[in-house]
Amino acid sequence: MPIIQVKDLHKKFKSLEVLKGISTEIHRGEVVVVIGPSGSGKSTFLRCLNFLETPTSGQIFFNGEEIIPNKNLNVIRQEMGMVFQRFNLFPHMKVIDNVTLAPMKVRGLAEAEAIERAYTLLDKVGLRDKADSYPEQLSGGQQQRVAIARALAMQPQVMLFDEPTSALDPEMIGDVLDVMKELAKEGMTMVVVTHEMGFAREVGDRVFFLDQGLLLEENTPAQLFTNPQHPRTKEFLSKVL
Amino acid sequence: MDFDWQVAWNSVPFLLQGAWLTIQLTTIAVFFGIILGTITALLRLTKSPFKYLAIAYTDFMRGTPLLVQIFIIYYGFPPLIQRPIPAYIAAVIALSLNSGAYVAEIIRSGIQSIEIGQTEAALSLGLTYRQTMRHIILPQAFKRVIPPLGNEFIALLKDSSLVSVIALEELVRKAQIVIGRNFRPFETYFVVAIMFLIMTVSISQLVSYLERRLKVGE
Amino acid sequence: MKKTAFVLLVLSLMLTMTATSIAAKPVLKVGTEATFVPFETVDEKTNEVIGFDVDLMKAIGDIIGYEIQFYNMGWDGLIPSLLNGNIDVIAAGMTITEDRAKVVNFSDPYFESVLTIVVRKDNNTIKGFEDLENKTIAVQLNTTGDFVAEEIAGARIARYNTAPEALQNVAMNAAHASIIDLPVAETYLAKNPNAPLKHLGAIAMNEFFGLALRKQDTDLLKQINAALAQIRADGTYQQIMDKWF
């Protein structure tokens, strides 16, 4: 059974149709990289997966269960971590509190346990010594790694990334990508919207090419990058590679 | 006109009694106003039918003079409940209700000023709407609304003199009583002005202190 | 054609201007606080101040050759306004008291007022000032009733801006009684026949209303006192009394 199944997903903002019928499946342990031109609907697609945008029509299934907002959305969101382009750390809380908040309030973890888990994750992203800092005291790359630790602290089954390195200075991108590669190696299911073609090639199991609200092509990175089928894919790759 | 310092000085103890009532009424009203205003602001941001109750409440309170509200509560309710409302209670109710409406608008805009990304991050972690408000949005919003809340506090302090119409002897009314006996309005109101100034400057100081303290983590 | 019309207009304007400047008498600015029926109140239709004091001042003005202009202001503003020259006379049902007489000159008394106590109809225990000890007394701010109430031991005084508000508070049980001028109480009860209130008749020592003037305006004071005497003698005073009481 796919961990995420998308059936005929449509999304309109007023009269603007951004997603025009997307159907696909994502399997456990898979790393899916979503690429495409600006405005093609990549972010919207990702945000529909955890209903930060409510689909206009179509269905999303998680572990075979259809997501329905007032029924199971909250429980399913706990299983889907999300990392944003602009980090969105909670500025009024220390790093450690950013990471322990959801496990304690949502999962009901005891504080000691949540803190222990948080330190393990901060170790993993290389930021144990920043536990008592506030987000504004960190660089962009550090903030994004904290954001990843914050999402992981819920021990989700899937991680969604929306251009996690786009807002970073070039010298910080590597640190964040390293953390993501490490995650992929551990077998985390990941959906990653990115312009980092190197990452897509190296880590991706499958690449989705989105264009004007349609999933034009999906294939292994090896196939898609060397032998794109669709002329739009070719055109796009010729610009970014 | 010759300024008689002795007259001014003599009025101080009596006026201080009024200043104390002014402080009491305003502080209590701001306290309840913040609670009421927060609830109202949250209701206004929901889609429940209470939203319209909240809108009606803020519109009424902001659209009618405080003086009229004080009258309505003090003279309007006793016939309904068959007993008089003590003036102090009526004043606290009127000032709190009035302040609550203004605070609601302040807090609503404070909540709306928090980036949508904060809500999205919280929801994506599985927090409920309520938890998101409580742990993420409101703490940040409160920080931002401290300066406008300070202004509201100061405005209410000055407006609270309207409660003199129901025979509460706050600072301005005490001054009128003094003037009725010493016939020296200038000296008396001069002292009143100094007392108001001390109170409002203290509030401003408190606000900037709170701002500085909460600055950490912004 | 147009030209003649214009000339006519200018001419008529000049004529009216001269007419008024010839007829114009010096103006006497009289301050009052128009919430004291029947001495002074604002006519709901015309928005002008009317009342016993107004007619009295007009009669005086006719005699001493002044045009009378009334200024309605807060009670507390009256004496200060007189002292700083914004008004020239106070005609506001003001009781002649020693304290006030230190800062202003009073005319000869023009009215003898009597205080009364107003209580609820079902109250049979309050009969005089001595029964008001430790009670809540509603008064109009800075009136004689207010000053008298202050002398009563243990009394809690609730001061309102206007006399009707003070009486309303007795009616709704927020105060035990009100100390107020008898004519005011009578007028209030006449206008509010359903009010659950009664007054206890003349209670206090005699109080006299006087017109207040600046200390230095002694000539004006003499003229006004003479006019008052004349009005009393020629029956005008009685006419005004009959009109308002």
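Which chain is which? They are A, B and C, in the order written, and residues in each are numbered from 1.
Note that in this section a residue touches a chain if its C-beta (ideal position, glycine included) is under 8 Å from a C-beta of that chain, and two chains touch if they have at least 3 such contacts.
Given the structure is predicted, the values throughout are model-derived calculations rather than measurements.
Enquirer: Compute per-chain Cα centres, compare each with the mean of all protein Cα atoms, and return the closest chain.
Expert: B
Enquirer: Have a look and report which chain pair racks up the highest count of C-beta pairs in contact.
Expert: A-B
Enquirer: Roughly how many whole angstrom separate the Cα centroids of chain B and chain C?
Expert: About 37 Å separates the centre of chain B from that of chain C.
Enquirer: Would you kindly tell me how far, in whole Å, the mean C-alpha position of chain C lies from that of chain A?
Expert: Computed from C-alpha means, the inter-chain centre distance equals 81 Å.
Enquirer: Hey, how far is the Cα centre of chain A from the one of chain B, in Å?
Expert: Inter-chain centre distance comes to 46 Å.
Enquirer: Touching chain B in the complex: which residues of chain A?
Expert: Residues 50, 52, 74-75, 77-78, 80-82, 84, 86, 88-94, 101-102, 105-106, 134-136, 147, 150-151, 154, 160.
Enquirer: Would you pull the chain B residues touching chain A in the complex into a rising list?
Expert: 115, 117-118, 120-128, 131, 135-136, 139-140, 143, 216-218
Enquirer: Residues of chain B touching chain C in their complex?
Expert: Interface residues on the chain B side: 1, 75, 78-79, 83-84, 87, 164-167, 169, 173, 176-177, 179-181, 183, 185-186.
Enquirer: For a test of understanding, state which residues of chain C touch chain B in their complex under the given definition.
Expert: Chain C reaches chain B through residues 75-77, 79-80, 83-84, 99-100, 103, 138, 141-142, 146, 158-161, 165, 168-169, 172-174.
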